[in-house]
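Below you'll find the structure, written out as C-alpha cells, and then a few comments.
Each chain gets a letter, A, B, C and D, in the order it is written, and its residues are counted from 1.
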C-alpha cells in the first residue's frame, strides 16, 4: 500500500495571510518527509456549542484563498460543506468536499456532494457503527461518484467523551474506500467545557500512532501556530512547531505497517 | 403541572387520505381521554439508512394537508425541518417546527427555525449530554424565540443501540423548557437491520411509563394502523388500535406524577 | 401482581444500636404504608475504592445483630457475601444472601450461595447485558435453589457513570425471577470522587419512579439518618426522614403499574 | 525503554503434555525473536458464562506442572487467582499472580496477592476508568508489594461489546507501573454467543499493533494449536502457527515505539 497521506491545516480559515503561512509551513514539512499533503480549513463552523463561538470568514471569503493556495503551492484543498448549495460552489474550487460527522446521514447533502464529481470525505457519525458506513458510502457511489474517503473520528462513549475503536479502521476498509483517521476530533470532549467543546491534545499522538500502526490511507490532523489562542478546537490542535517530529515518528510506524498489512 | 400532551401521528405522511384517517382516529381517542393532541408527520425522511428507503410525499405535497388537518380537526401540527429554506415555508403552516436529533447542533437551522416565531421542538442528539442542551436551547432563545420544547430520544450506547437515561428528563427541565419524551425513536436500533434501522415496539410502553412517572410535559409516539407495512420506522410504531389502552394507562401514571412533583 | 416489597437499610452495619434504630424506624414506615420490608446492611465493604475506606463491623459482629433484628422486629434480613465460606455462615442467619454485581459471574460463589437454601439476590454486573442474566440465574437454579431475585443496578456508560436501562426490567422478568430495582447504586458515579465513589441522591427518586412504573417486584433503597456523615455510599443514600414521603409516592405508582401490567 | 515482553499460553491448562508442548513451542519462537516470555495458563475458569463450561484441571493438578515448566524451560509462569487461599498456594510456585478484571476491586484478594511478595498483574475492570486504577494499584503497594503490572483488557461499550481505549495505556503508565495490553480478551464479546462468550480473533492483531505503537511494557496473547476446539476463549485465541509472524511484526512496531517515546 502507498505511504500515508496527510490532511492538515488550522481548524478555521482565519485570514488569507494566516492560511498562506500555515499552508507554506506544512508544505515544507511534508516535502522534507515525503508526505502527500492536502490543505484543510473550515470556512464556517456551523455547529459551535454556543451562539457566541466564532464561525470563520465565510464561503465568499474563503474560496479565493483556497483557489490561490492550490495554484501557489500546488496543494489539493479540502473543506467541509453543510448544505446542498455549498456543495455546488465549493465543488468549483476545492478538491475534496468533507461531510461533517453529524451530517453523515443527510441523504441530500451526500448526493449533492457526489454530483460535484469531487472527492467526498465522509466523517463517520459519533452515533454510527463502522459497519453501517457502507450504507452511507453507497449513497455517494450510488449517485455516480466513486471517489470517497471514510474518516474515523471517534464514537460516543457515555457523556462528553469519545472513544476511538481501532477495529473500525479495518472494518471500514472492507468497503474498498481509503480510510482516514482524524486524530484531532477523536480526542474531543464534546461540550466538555461548558459553552465550548474541550479536548486533550496530549492524546493526538497516542491515537495517531495506534491508527497508523493498524494501517490507514491517511491521517487528519489540525494544527495551529498558537492553539491556545485559536478561535476553535484549540484544545485539540497540535502546535505547528511539533508537527515535524510527530510526522517523522508516524512515518516510521507507517513504513512498518505498510510492509506488514494485516490480511 | 398540566396533564400530559401528546405528539402523535405516522412517521411519514403517506397521502392526504391516510393523514386524515390517522388524525381523525387520534383526535377521537384523545378527546375521550382529555389529552391535548399535536398531529405529527414527516414530509421527507432525509436521513434514511440507505438510498432506496422511501422518503415521503415532499414539502409541496404535505403542506396543504397539514393546513387542512389544522382547519378540519382544529389540531396543531408538527413536522421536522432540515434546511433553513424549509423553516420559512413550513413556518407559514405548521405550529411546531421540529429539529431532528442529528441536526440539533446546526446553528443556522436553529436560528432559521427560531425566526419563524413558531414553537421549536429540538430533539437531543444521540451524541449529546442532557446538560449540554442548554447551549442548544440558547441558540433559539438568543434569536428571540422563547417557545422551545426539548425532546429526549435516547443516547448512543455502544453500536446499534440507544439507551434512555431517565435522569435527562429532570436535567433538561431545569432549563425551564417543557420536556417531551419520544418513546418511538428511543427504542430504535440505529442501522440495526442492515440497510434500515430496526427497533423493538415492545419497549415503547416500558419507556413511556418510565418517562411519564418521572414527569414530562409531553409524550411523542408514532403510530400506524399497520406498522409492519409502513414505509419507515415500522418496527417502532405502536399499532393504532393499541393507542387508546396505552394512553389510558399513561394518563393514570401522569396523574400520580403531577400530584407528586419531584422537588 | 403483588404490591412492591422494599429492601432497605443503611449501606454498612455501623453498630447494634444504629441497626436497631434504623430497622425500627423503617418497620414503622413500612407498616403504615403496608409495604413488605427486608432489612439490609453490609457487614463488610469488600471493594472500597481505596484501602483507607471504612469496611464495616465484620461478620462476627454483624451476625448476632441480624439474628436479633429478625427476632425482635420479625423482619427478614439481607446481606451480601463475597466468599464461599461466608455463604455458609451467613446462610445460618440471614434470609437473603446477596451476590455483589462485580461477583455475579463467580460460579463457585453462586453455587455456595445456592446450597444454603436461602433466597439468593443476584445483582446484575455493570458489564452485563440483561439477557445474559439467565445464564447467571441458571447457575443457582441448576444447583437446586429456585429462590432467586435479580437486581438491576445500572450499566457502565463511558467512564465514571452508570445508566439505568429500564428495558432490562422486563427482559430479566422473562426468566420468571422477581426483579428488584436498586435505586441507590444506580445513581452511583463509580470512582467519581477520586479516592471514593460519588453519586447523586437527587436521582434516586427519578429512577425509582421510572422502575416502579415499568413494574418491579421490589425496590432496593439505602437510607441513613445522616447520609453525609455515613461511612460509605453517603452521596447515594436517602435521608431517613424523607423515606416515608418517597415510598408513599412510589406505592401510588405501584398501584397503577400492578393494575396495568405490560403484556 | 526495554523491548516488549510477552505473556502467552493457552487460556486453560488442559494437561501436562499440552502445557509442555505449548510452553516449548512458545519458548522457541520467543528465543528466535529475542522476546522475554512469561508462560500463562488458568487452572480454573471461575466465571464461565454458564455452569456447563469446562473449568480446567484445578489448582492441585496445575501447580506441579507450573513448577516443572519453570524448571524445565526456565520460564516465569503466571496464573490467575480468585480467592485469598489460592494466593498463598499459587504464590509458592508462580512468579506472577494475576487478578481477574471482575475482581480488581476486591480488597482482600489484592492484599492477599500482595502479601505473597510475587509480582501482581491486575487486569483493569471492564467497568473502571483508567485513572481509577491508581487506587487499585495503591491497595497492593500499600500492602508492601511494589511489583505490580496493570493490564488493559477493554472497557464495557453498550451490551456484549468491549472497546479498547488506547488512551488508557499512557494514563495507567503515569502510575509508574509497567502496562500490559491483553489483546485476547479485548476482542471478547462478553456473553455474545448465548451460553458462552464470543470474540473475533481477526482483531487481535489490529489491537495489538495499536497498543504496541502507543507503547507498552508487555503484551498478553492467548494461543492454542487448535483454537476452534479449545475448551474456552477459542474465538479469541491466536493459532499457534501464526504467532511467530504476528510477533515479528509487533517487534518491528515496538522498536519504533521505544525509539520514539511519547513525552
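The rule is simple: a contact is a pair of C-beta atoms (placed from the backbone, for glycine too) under 8 Å apart; a residue touches a chain by one contact, two chains touch by 3 or more.
These numbers come from a predicted model, not from an experiment.
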Copies subunit D and subunit C - interface residue numbers shared by over half, same or different: same
Pair of chains joined by more contacts [C-beta pairs], B-C or B-D: B-C
Separation of mean Cα positions, subunit D and subunit C [Å, integer]: 33
Centre-of-Cα separation between subunit D and subunit B, whole angstrom: 48
Gap in Å, rounded to a whole number, between the CA centres of subunit C and subunit B: 36
Junction residues of subunit C - those touching two or more other chains: 155, 157, 159, 163
Sites on subunit D touched by subunit B in the complex: 157-159, 161, 163
Of subunit D, residues touching subunit C in the complex: 46-51, 55, 82-84, 102-103, 105-108, 125-132, 135, 138-139, 142-143, 155-156, 159-160, 190-191, 195
Complex interface listing, subunit B residues touching subunit C: 155, 157, 163-167, 169-170, 187, 202-203, 205-207, 209-215, 249, 252-253, 256-257, 259-260, 262
